[in-house]
Amino acid sequence: MDISPTTLLVLALLGYIAGGLAGLAFCRHEKLANFCSFGCGTLAALCGTVACIMSLATGATTVASLQLQLLPTLIPYVQFTISLDPLSAFFGLLVSLLSFALSLYSLGYARGFYGRKNVGVLGAFFNLLLLATTLVVMADNAFFFLMVWEIMALSAYCLVSFEHEKPETRDAGVLYFVMSHIGTGCIMLGFLLLFQATGGYDFAGFHALSAKPEWLASGSRNAAFLLFLAGFGIKAGIVPLHTWLPAAHPVAPSNVSAFMSGVLIKTGIYGLTRVFFYFLGTPPMWWGVTVLTIGTISAVLGVLYALMQHDLKRLLAYHSIENIGIILMGFGASLMFLNTGHPLLATLALIAGLYHTINHAVFKGLLFLGAGAVLHATHTRDMEQMGGLAKQMPQTAFCFLIGAVAISALPPLNGFVSEWLTYQSLLQGFGSTDSLLRLMFPIGGALLALTSALAAACFVKAFGITFLAQPRSEPAAQAHEVPLTMLLGQGVLVAACVFLGLFPTFFLRVLDPLTQLLTGLQISQQLTLANGLVLSGVNQAGGTVSTLGIAVLGVALLFVPFALWLVLGQKTKTRVGPTWDCGLKGLTPRMEYTATGFSKPIRMIFKALFRPRREVQREYDFSPYFATSIRFEAHVEEVFETRIYRPLQRLVLRLSRRMRALQAGSLQAYLIYIFITLLLLLLFAL
Amino acid sequence: MNPAVSTPIPTEIGSQIIMLLAALMLVLQLLLVVQRMLLTNIRLFALQSLMLSAIATVVAYYYNATHVYIVAGLTLVGKVIFLPWLLNRLVRRINIVQEIEPLFNAPTSMLICGGLTLLGYLVARPFTTLHKLGNNTLAIAITLLLTGFFLMINRRKAISQVLALLTIENGVMLAAVALTTYGMPLVVELGIFFDVMVAVMVLGILVYRIRESFASMDTGKLDQLKG
Amino acid sequence: MLLLTPILLIPLAAALLCLLVPWRRVMEWINIVAFAATLALGVQLFHEVLAHTVVTEWNQFFYADALSAWMVLLISAVSLGTSLYAGRYFRRDLAAGVVTPGRVKEFSVLTPVFAAGMFLVVLANNLGVMWFALEATALSSVLLVALYNRKTSLEAAWKYIMLGGLGLALALFGTVITYAAAVGQGGGGRLPSFNWSHLMTVAAQFDPRLMQLAFIFVLIGYGTKAGLAPMHTWLPDAHSEAPSPTSAMLSGVSLKVAIYALLRFHILTTQCLGTGYSRTLLLGFGLFSMFLAAPFILVQSNLKRMLAYSSLEHVGLICTAVGLNTPVTIFGALLHMGYHALTKPVLFFAAGNIHQTFHTLKFRVIGPGVVQVLPVTVLFMGLAAVAAMGLPPFGLFYSELTVLSGGFAAGRTGISILILVALVAAFCGLLTQLTRILLGARKAECPNDARTWDGVPAMGLLVGGLLVVSVWCPVPLLQLIHQAAGIIGGKS
Amino acid sequence: MKPDTFAIVLQTALLMALAPLVTGCIRNWKARLQNRRGPRVVQPYFDLIKFLRKDMVISEHASWVFSAAPYVVFITALLAGLMVPMVAIQAPLSLFGGVLAVVGLLALGRFFMALGGLDPASTFGGMGSSREMTIAAIAEPALMLAIFTVAITVGSTDFSHMVAAEQESGWDMLNPTHLMAFAALFIVLLAETGRVPIDNPATHLELTMIHEAMLLEYSGRYLALMEWGASVKQLVLMSILVNVFLPVGLAGDGSLLTLGLGLAFFLIKIFALSAAVVLVETVNAKLRLFRVPDLLSAAFVLAAMALLSTFLFH
């Protein structure tokens, strides 16, 4: 038989379903449940990956298209259709690839729950989440899209509150679901506006809309833009709609938080891409400006807050905000170029955004898996308790380091490539318009530079404090390398990082049908030089880079130090000795630099933003210089939470309590309500 | 319009009689509002019901419609004799004499009732043109309804609230009899009648239970369920 | 062969039997069998109606069109679920000494009467009879509400009967005036019949002013029974104080039966005055109810009261949808009625289990961590709650989205947006509250006489039905609903 | 424009040979200005050879990252150097990357150096890395913005293109845009190479040192690589400064004459710049750590003004 993407896709979906059912079926015997559900998940994800790659490789605009006849069409507008156009295929690839790595990883990670929690339920919800997410990016019909979108949110909620015994987990879960549902409300309204204009729910109709002049002129188009931006923005975690993200990601089981940070928020990006570049038609200038601004703000604030965290997973969560910002910078620039009529640049910027999307999915997934491994080994997320893990768990340390280098946008790995593309589009964009707006591009570039430099600082801290130096606690000292499946899961993503980093030009070809669909251009040839070894800007003079070349030459240059060593220092020996301790009785872990200490200079520099508070209590016997005990407490204010969300919540609750006075319990009052209603109606309705 | 069959007494007079009786019902209603003694209230209610059945008789006479006679009879038996008797027993059984302070004092209630009457006529004005026997009883019916409603709000004792409900019922029946020629279909009339009976019984049961578990008839005490 | 009459008589017969037999088990089974039978007949009726749009008996005294058939199905399904659940519920109550055997008998006698009343409402052709039937349901249910004979339950019953009775009086007045309007058009003379089927044909010539007046009274009257704000005040009290099976029936179907009565008049008014009038009123009351419900849910501290408010919100949605008055929205409203009727009882059953286990409904005492005590109950409650919050894969998601789509398609954007906002608000409330009590780790170990599978048959029946109807809704059913929507909204 | 091996080898040699000399000169001249005799100009070479000959002591707490760091630092510095035109307009590796790659490579080196500082569990190392990363983070935007102003005007991020374009523009290279950008970049240079007033390379006073603190645990061969890498990096940055803003006399073609001429010009420019650095270091005192951001933000503002001025003059 021939393997068509469609068959594989169906296989994948069935696989997820089977995995979920298996999880429920065997929820009494955890080993079996673990094996079956996550095993099915792994295989299904593999099928999905292959299917998406195949359909992207063939490059047709719509490869697979399924009709699921769940409900008869007697319910108006309900129809369930899946189609695999290049955009869906691209995001489907992202989803399936991550799902593959994560399911593999989960096989090992879930063992941590044996005896504590029901692994079968975990597997079931996990597969449900995978299924829903896959369907979200492939839905071809807004009704179906909204449906699977909600199922996705629901299963994610169940997974976030999987360890619901902890109160903070419950709160985080509720916060996530509430915000996500508000987002869904916005998205629903947006789609309803489109529906109002077309009279149908299928995406093809919406796309056709983007050609209609009367629609382009209508105000509801702008309304739809804002609604979608807010709705999908909440899911993607843009500032200031991000508060759920650092709350929910840390408390979830690590394989789930990896999925949420790597994939779930990308569904928001998918929605934005689908809507902005496929439905809404040529954008007015202010759309691009808005998106670019939001992107820049999210990037900078995200990384700044990340620096202040010492909970490893929380830190990573904030970095997701940062990277979403970077993606949106690309999108915003692209929208602006579309407005000023530079499709080529628009395509470049769009590619930059999409490339960063998949990159972030890969390395953020990797980092969360690493964090999960650390959690698995040390049972803590607090970096101040870690240290020295590079010796106990070298493989994990290596994987994490790769991820750290990649996310800090350092050559030759993938983060660098996509940020390079972003820089290129921003710089080329300067010439695209004469208005003052063009200053946004270089300023944005500079802030992007700030962002990536801060990210580098943050990951020096994350990796250095977690994996290097002496263990800061007993568990960290007792830590052990994680089981093979978990390492394999990370390995897959490491490989992806390296491939995306070293062979960008090969990957860009895959994007051609996608850009063809969205902006009508295929520019991978223009971006490719020296038969694929070199990546170039839209015009070669604009600048070129070759991560592969850098890597190769770097290895080659290793010859130099070795030569020097051979010539001058063969006879030298290497001794292991104590670290210089200023003549004290040896260094203890308590003398090491802490995570908090590491980020202190930044905290001081940006104190206007962080408003740091510190409480120091020192108790001493005779002189303050010989304190017997010192208690130090430092807090950083999270502005949006304390200034916007909390007051809002308090306000709503207070008003609701006021309302309760209406139901005061007195029959007379109730009668009076009815009486007054009656009188009013008699007076006015007649 | 002119009645179905010609009768010795001309229609106008019948119309006058009906209006008169209806007005009397209204007056009784107002008395009910100001009167606090429960037993007196019950008697007033009985009297009102009597007026009602009288009206029914007149209507029946003019259209010599048998089933309206039946209605008149039922009203007489039920509302004039049986219910008052039942309520009397209730009041004696749980010996409470009078309504302690209603929500509004007498003058205020009178003012309010005046306003309500005005409203009733206001609402009913467009329909007084219907050339029909007892055409503008609608105004009185509405007024009875509203004042009964107000009475219900104004009183605290369970019994007097039941009474108020019954006066509302009277207003409705007035409309049913006088406004709609020939009254409603018999089956409906019967249904309504028995419903009212059963309702009063159920209310009686409840009043007993409340009485024995609250040791009071004051529905003002029933305010535990909030929010 | 007679169809409507047995539907009406079987429950009455069951009531009579229960009155006679002394054994509790037997009473339970009588109820179950009776309602199973009515359900079967309902299905039969539903086929008949599909075949030849209208079924009438006793020269049109009973009259069933698609709308009635749909209601009959809902009523018998919910009643069946209730009678399945009630058995063990009262066994536990008796064991706990909360009720006396006499009361249990009272319950098993009155429940079929209650159901019969509702059947009569939806099957009666004569509007007067319809009113009379509604009064009957009110009276029977009021005794059920007062069943526990606690102070609070008596209070609830008292408020229920007072407000309900008042409302019904107003409704009767409205009915009378409708009759007057009908008479007025013929310039007096004997009205051939007060049958809805007849009025429909002549409604166009009714005296419009009288009809306006009539609809106001009917709206407030039946609105009180349907729990539309601001006449809803009895609803949370009655729902929270009644025994859980009764609460289930009250919010599952009794509210919707009142809505049904309201709809009948709405149709007449629309025929007489055109779409503008009654529709606007329905819209207003519906939206007001939805917006009133949300904050009360958010700060509610009593489980069953919260569920009651959620019912208020759904009823509001149904009214608003009808008020939007396009074929699509009305279809959505009827669909919503059905799905909600299947959902809400499950929540009340679960609440009943929780109540009997923790002997209170206060969130503070119950939660957190009910899941650790009653896993299965919480599972069903969770499913039902997900449905009630309007999340897929459950049907309320379709119906709500259908309503919204209809609203947008009809260009009533503002109102649709308001609906969506209210829905989201209610969602947030339910989610926050339920998470607070269901999930988490128990602090204190509670005295737990609960058995895992308590009430599972009933909840399983309804949730299963809901799931089936959600993911695979049988075509004939949808045709029926379309037919019913056609009756309300004019032919679609 | 394929990278040709010969050029690569030559420039690598030049980088490695010249870098220590520049460092030596700066130290020596600084000493002179302070009326000290100071070390010989060629002292750094001897230091490097000595380090290479010595045994190594590696901290017991250190992991493999500690040993990887020196190689990464050294090689990234060289790679960055190969992308910057020094003698000829056409940088050997200009095809493999421009501004962004250079900045990225230097950042990579810094990343590993900071890790290497943290690894031996010594407090000074941590302090050094923390400060280094902080200063780099706030220096980066100024650096980027300054280079962007040029990159935008010539529409390329490739150094060779920039230099070529600048050469064509002739005296126009002295316009305010360039001057301001130059000033900004000069400040950044001081920061990146750890010079007074940001950092004092000559001190080992615990509380003030930044760069040295990270190297504290390194010895022998690794120390040599670290030092050498640092001076190469310094040379790279300086040549960016001189060649992008003052591209006189760079060899256009590969003929020996022009190359020689280019080399001469290059040396002159580099040493002139070193002199400037020396002057600044002598007349300034080291700033408090929390004063440094003010200086760097000043640089950022300069760069921003430069950008604005391009906008005004176009």
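Chains: A, B, C and D, in written order; residue numbering restarts at 1 for each.
Just so we're on the same page, a contact is a pair of C-beta atoms (placed from the backbone, for glycine too) under 8 Å apart; a residue touches a chain by one contact, two chains touch by 3 or more.
Quick caveat, the model's predicted, so the values are computed rather than measured.
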* Asked: Among the chains, which has its CA centre at the largest distance from chain A's?
  -> B
* Out of A-D and A-B, which chain pair has the most contact pairs? -> A-D
* To do: Let me have the rounded angstrom distance from the C-alpha centre of chain A over to the C-alpha centre of chain D, please.
  => 35
* Just curious, how far off is chain B from chain A if you go by their C-alpha centres, in Å? -> 71
* Asked: Measuring from the mean C-alpha position of chain B to the mean C-alpha position of chain C, what distance in angstrom results?
  -> 31
* Structure fact -> Expressed in whole Å, how far the mean CA point of chain A lies from that of chain C is 45
* Structure fact -> Shared-interface residues of chain D (touching two or more other chains) are none
* Asked: Hey, what residues on chain C touch two or more of the other chains?
  -> 158-159, 162, 166, 170, 209, 213, 236, 296, 299
* Asked: Tell me, which residues of chain B touch at least two other chains?
  -> 123, 149, 152, 219, 222-225, 227
* Among the chains present, which pairs are found to touch? -> A-B, A-C, A-D, B-C
* Quick one: which bits of chain D touch chain A in the complex? Just the residue numbers, please. => 2-3, 8, 12, 16, 49, 52-61, 63-65, 70-71, 74-76, 78-79, 82, 93-101, 103-105, 107-108, 110-111, 114-115, 118-123, 125-127, 129-131, 133-134, 136-145, 148-149, 151-152, 155-158, 161, 216-217, 220-221, 224-225, 289-290, 293, 300, 303-304, 307-308, 311
* Report the residues of chain C in contact with chain A in the complex, numbered from low to high. => 158-159, 162-163, 166-167, 170, 209, 212-213, 216-217, 219-220, 224, 230-231, 233-234, 236, 281, 292, 295-296, 298-299, 328, 331, 335, 368-369, 371, 386, 391-393, 397-398, 401-402, 404-406, 408-409, 411, 413, 416-417, 420-421, 423-424, 427-428, 431-432, 435-436, 439-441, 471-473, 475, 478-479, 482
* Structure fact -> Interface with chain D, chain A side, in the complex: residues 387-388, 390-391, 394, 397, 401, 405, 408-411, 416, 419-420, 423-424, 427-428, 430-431, 436, 438-439, 442-443, 445-447, 449-450, 452-454, 456-457, 459-461, 463-465, 467-470, 529-530, 534, 537, 541-546, 549-550, 553-554, 557-558, 560-561, 564-565, 568-569, 572-581, 587, 589, 591-593, 597-602, 604-605
* Taking the complex as given, what residues does chain B use to touch chain C? -> 1, 123, 126-127, 130, 132, 138, 141, 145, 149, 152, 158, 161, 165, 168-169, 171-172, 175-176, 179-182, 184-185, 187-188, 191-192, 195, 198-199, 202-203, 205-206, 209-210, 213-214, 219, 222-225, 227
* Structure fact -> Within the complex, chain C is touched by chain A residues 70-72, 74-78, 143, 146-148, 150-151, 154, 161, 164-165, 167, 170, 173-174, 177-178, 181-182, 185, 188-189, 192-193, 195-196, 199, 201, 652-653, 655-657, 659-660, 662-663, 667, 669-671, 673-674, 677-678, 681-682, 685-686
